[in-house]
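Each of the next two complexes has subunit A plus one more chain, namely subunit B in the first and subunit C in the second.
Entry: the complex of A and B
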């Protein structure tokens, strides 16, 4: 056994353990902040697995998109709304947990069966450093339509988010019916520091 | 990460174009009776250790420069008693931090509190993987090169959010949130500016990017072809390093010290180290992307030709490699000097101004820059790397 293959096996063992343990932690931990941080760990380990498969561009993209953007935004949202309050207990929690555990276990058994019955051949040769060029070629030829459709989808999501977040589109709050003025910056007509009428 | 990619000599590179320390080292050891595998194993940790030491020494130099230049800007003398001109002052600072008590606040989350600074420092150090000091003088010429740096630097905000949250302090949390918001906003124009350079050199590899800028010395540097990209990159790099005018996350008048507020001793030192290593790294990458990397203002091939020396003679190779390292470091430290001068002469921007600058100004400009570069590349392939 050479040094390279030993290193590879150790790396694979460590990375797969982190992925499995981290994913279980994401699902099972009651603290949502821990779950979000563990999710970042899982994404990083998956990037490591990509790296071991000689797909360095995909690994870097995985880190940039999932860890750097998606996970940071999840954390951001959690920390902006996190109030550290105890939620009221849901009735029949034990039964719910049992049912969801059964569903997950069944799915797991099914996947194990698929994994063992499928004849796994040795896949195509990894292209290695050339992968960036190949991905670019595919994105601009046979995958052009899905690529553009994905960007349209993202645009729709962005416009929706802007409409929801910018309350000045609606002049009054939907819940209370009061006038809404959520400008963050000091307005010239009502200086925040000098206005003594508001007590 | 190092083990999966071929370290040192990369495929597709002309090994004769520069000093190849790895090959020389391994043939030397094999001459002494070791087999090839052992020689390679003995070589592997050397460049990593060397770069780690270089990064830390770079930080010490940086701290000294910061103290001296800030003193000069404010018409003070600055550190004077620790060594000649106070050169040992950063060492004294470091020793002080090592011996300080390590405090974890009582209501803080101990695990995340410890993990945060580590997560901030590790991606920054890993990014030194792709910084070239010469044709073969880098740890690993990975194909994704500069993209690896962009990806790694996006991990940092998670560490900042973690330490801000774990401190259980509203100033820390606000600082962490600001750091993450700032980092996300400025990553996009930064990546677009890099993309324009990558488009001209047809490669993500840092070595190829520098090689594309050699040929006519200072005239072929990217700064003449990408002046707008250079300015965008520099502004974004300052914002990513949280240097003034963009040090919102630790704005001392508003947030005490941001996410660092509760930290002391070595954990604080990790933040400190991370931010200065990041500054040196950004300066090095600016010099790689826009200022010709290890290139001398006059091509060394011409100089060797005028002196009547063959470029591949061993002595000449050693001299050109040394000149390359000196040039890279010199350019980087000129930029660091600029950053320090900016820090001590400009006021801080407001958070809304910061986000406005990033999203409403730099992002459109970077997109236009990319478009113009693509157009120029099609129109003048000889000058813009067809």
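Entry: the complex of A and C
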């Protein structure tokens, strides 16, 4: 055992511990804001794991997209829907948790069994630091069509998110044709689909 | 059969880590009452899949690294999914005045 492999094992142990603990925190912590920050920690640790696999480009993309964009978006969503509400108790919650825990445990055992019984064989020598060059070659040769489709998908998602999340601004009321006070859009609107049975 | 390459970490270690992360995500997806937490659980599951892809790419497909290209596409789709999902969540919150998953039941039998 050389010093390099020992260092790698220590790094892997630290990163995987952070990932597992952070993921459990994301799922179990009662405060959603803490969960969102722990999620950032999970994303950063996963980026560290990518660095251990010699994938510097994907690690950078992970940090930029997940920590920089997705996590900030989640934090914004938490701030925008930040309402303290006491969740009404529902019957059979403990039973549901137990059953879903059993299902997840079974899935975990299945995955572990697959991981340890499959003869994976060994692949060719990894390219190491040239990974970024290879990814660029892939994206502009045999993966060109998915690459362009991804840009179209992002554009669709952007427009869709804007359409879904904006407040409707009409200069005149659709029903009566009267002018609508533009200040109205900043005031609280009566929710349309309130669940009357709960109140 | 030497799966550990020059490093001291076998491929199975990454697979086990990804399995733990994925199962945590599934459990959170089923049991979360807060809609934002459901989206976070989905992100956890996508990250678990990405870890698998990257490990396979490095250990079994070292020359072509197609797994890394797939991981980039997964990251792209995850970003799009998060944007649309959170927009839907905002729209839901405006209309129902809650983020409790148990009360989003208009389409439920």
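By definition in this document, the second predicted complex is superposed on the first by the 160 of 199 C-alpha atoms of A that agree within 3 Å, B and C clash if a C-alpha of one lies under 4 Å from a C-alpha of the other, contacts with A are read in each partner's own complex, and residues count from 1 in each chain.
Operating definition for what follows: a contact is a pair of C-beta atoms (placed from the backbone, for glycine too) under 8 Å apart; a residue touches a chain by one contact, two chains touch by 3 or more.
Because the structure is a prediction, the values reported are computed rather than measured.
Chemist: Taking subunit A as the common reference, can subunit B and subunit C both be placed on it without clashing, or not? Answer clash or fit.
Modeler: Here subunit B and subunit C can both sit on subunit A without a clash.
Chemist: Quick one: is A:21 in contact with subunit B, with subunit C, with both, or with neither? Answer first, second, both or neither.
Modeler: neither
Chemist: Output check: A:129 vs subunit B and subunit C. Expected answer is one of first, second, both, neither. What do you get?
Modeler: It touches subunit B, and subunit C stays clear.
Chemist: Using the superposition on chain A described above, determine whether A:12 touches subunit B (first), subunit C (second), both, or neither.
Modeler: The second partner, subunit C, only.
Chemist: Scan A:72 for contacts with subunit B and subunit C and give back first, second, both or neither.
Modeler: In the superposed model, A:72 contacts subunit B only, not subunit C.
Chemist: Scan A:57 for contacts with subunit B and subunit C and give back first, second, both or neither.
Modeler: both
Chemist: With both complexes superposed on chain A, which partner does A:80 reach: first (subunit B), second (subunit C), both or neither?
Modeler: Both partners, subunit B and subunit C.
Chemist: When the two structures are overlaid on chain A, which partner does A:115 contact: first (subunit B), second (subunit C), both, or neither?
Modeler: In the superposition, A:115 touches subunit C alone.
Chemist: Let me test your reading of the model: by the given contact rule, A:40 touches which partner, first (subunit B), second (subunit C), both or neither?
Modeler: In the superposition, A:40 touches subunit B alone.
Chemist: Looking at subunit A, does subunit C or subunit B touch more of its residues?
Modeler: Counting contacted residues of subunit A, the larger count belongs to C.
Chemist: Which value, in Å, gives the least CA distance between subunit B and subunit C in the superposed three-chain arrangement?
Modeler: 11
Chemist: From the superposed pair, tell me which subunit A residues show up as contacts to subunit B and also as contacts to subunit C.
Modeler: Shared contact residues on subunit A: 4, 8, 52, 54, 57, 61, 69, 73, 76, 80, 131.
Chemist: In the complex formed with subunit C, which residues of subunit A make contact?
Modeler: Listed in rising order, the residues of subunit A that touch subunit C are 1, 4-6, 8-9, 12, 16, 19-20, 23-24, 26-27, 32, 35-36, 39, 42-43, 46, 49-50, 52-55, 57-58, 61-62, 65-66, 69-70, 73-74, 76-78, 80-81, 83, 85, 87-88, 90, 96-97, 100-101, 103-105, 107-108, 111-112, 115-116, 119-127, 131, 134-135, 138-139, 143, 146, 150, 153-154, 156-158, 160-162, 164-165, 167, 189, 191-195, 198.
Chemist: Can you list the subunit C residues touching subunit A in their complex?
Modeler: These residues of subunit C touch subunit A: 1-3, 5-9, 11-17, 19-28, 30-37, 39-41, 43-44, 47, 50-51, 54-55, 57-66, 68-69, 71-73, 75-84, 86-91, 93-100, 102-103, 105-106.
Chemist: Within the complex, which stretch of subunit B touches subunit A?
Modeler: Residues of subunit B touching subunit A: 1, 3-5, 11, 37, 41, 112, 142-144, 147-148, 150-152, 154-155, 157-158, 161-162, 164-165, 173, 176-177, 180-181, 183-184, 187, 204, 352.
Chemist: Within the complex, which stretch of subunit A touches subunit B?
Modeler: 2-4, 7-8, 11, 33, 37, 40, 44, 51-52, 54, 56-57, 60-61, 63-64, 67-69, 71-73, 75-76, 79-80, 128-129, 131-132, 184-185
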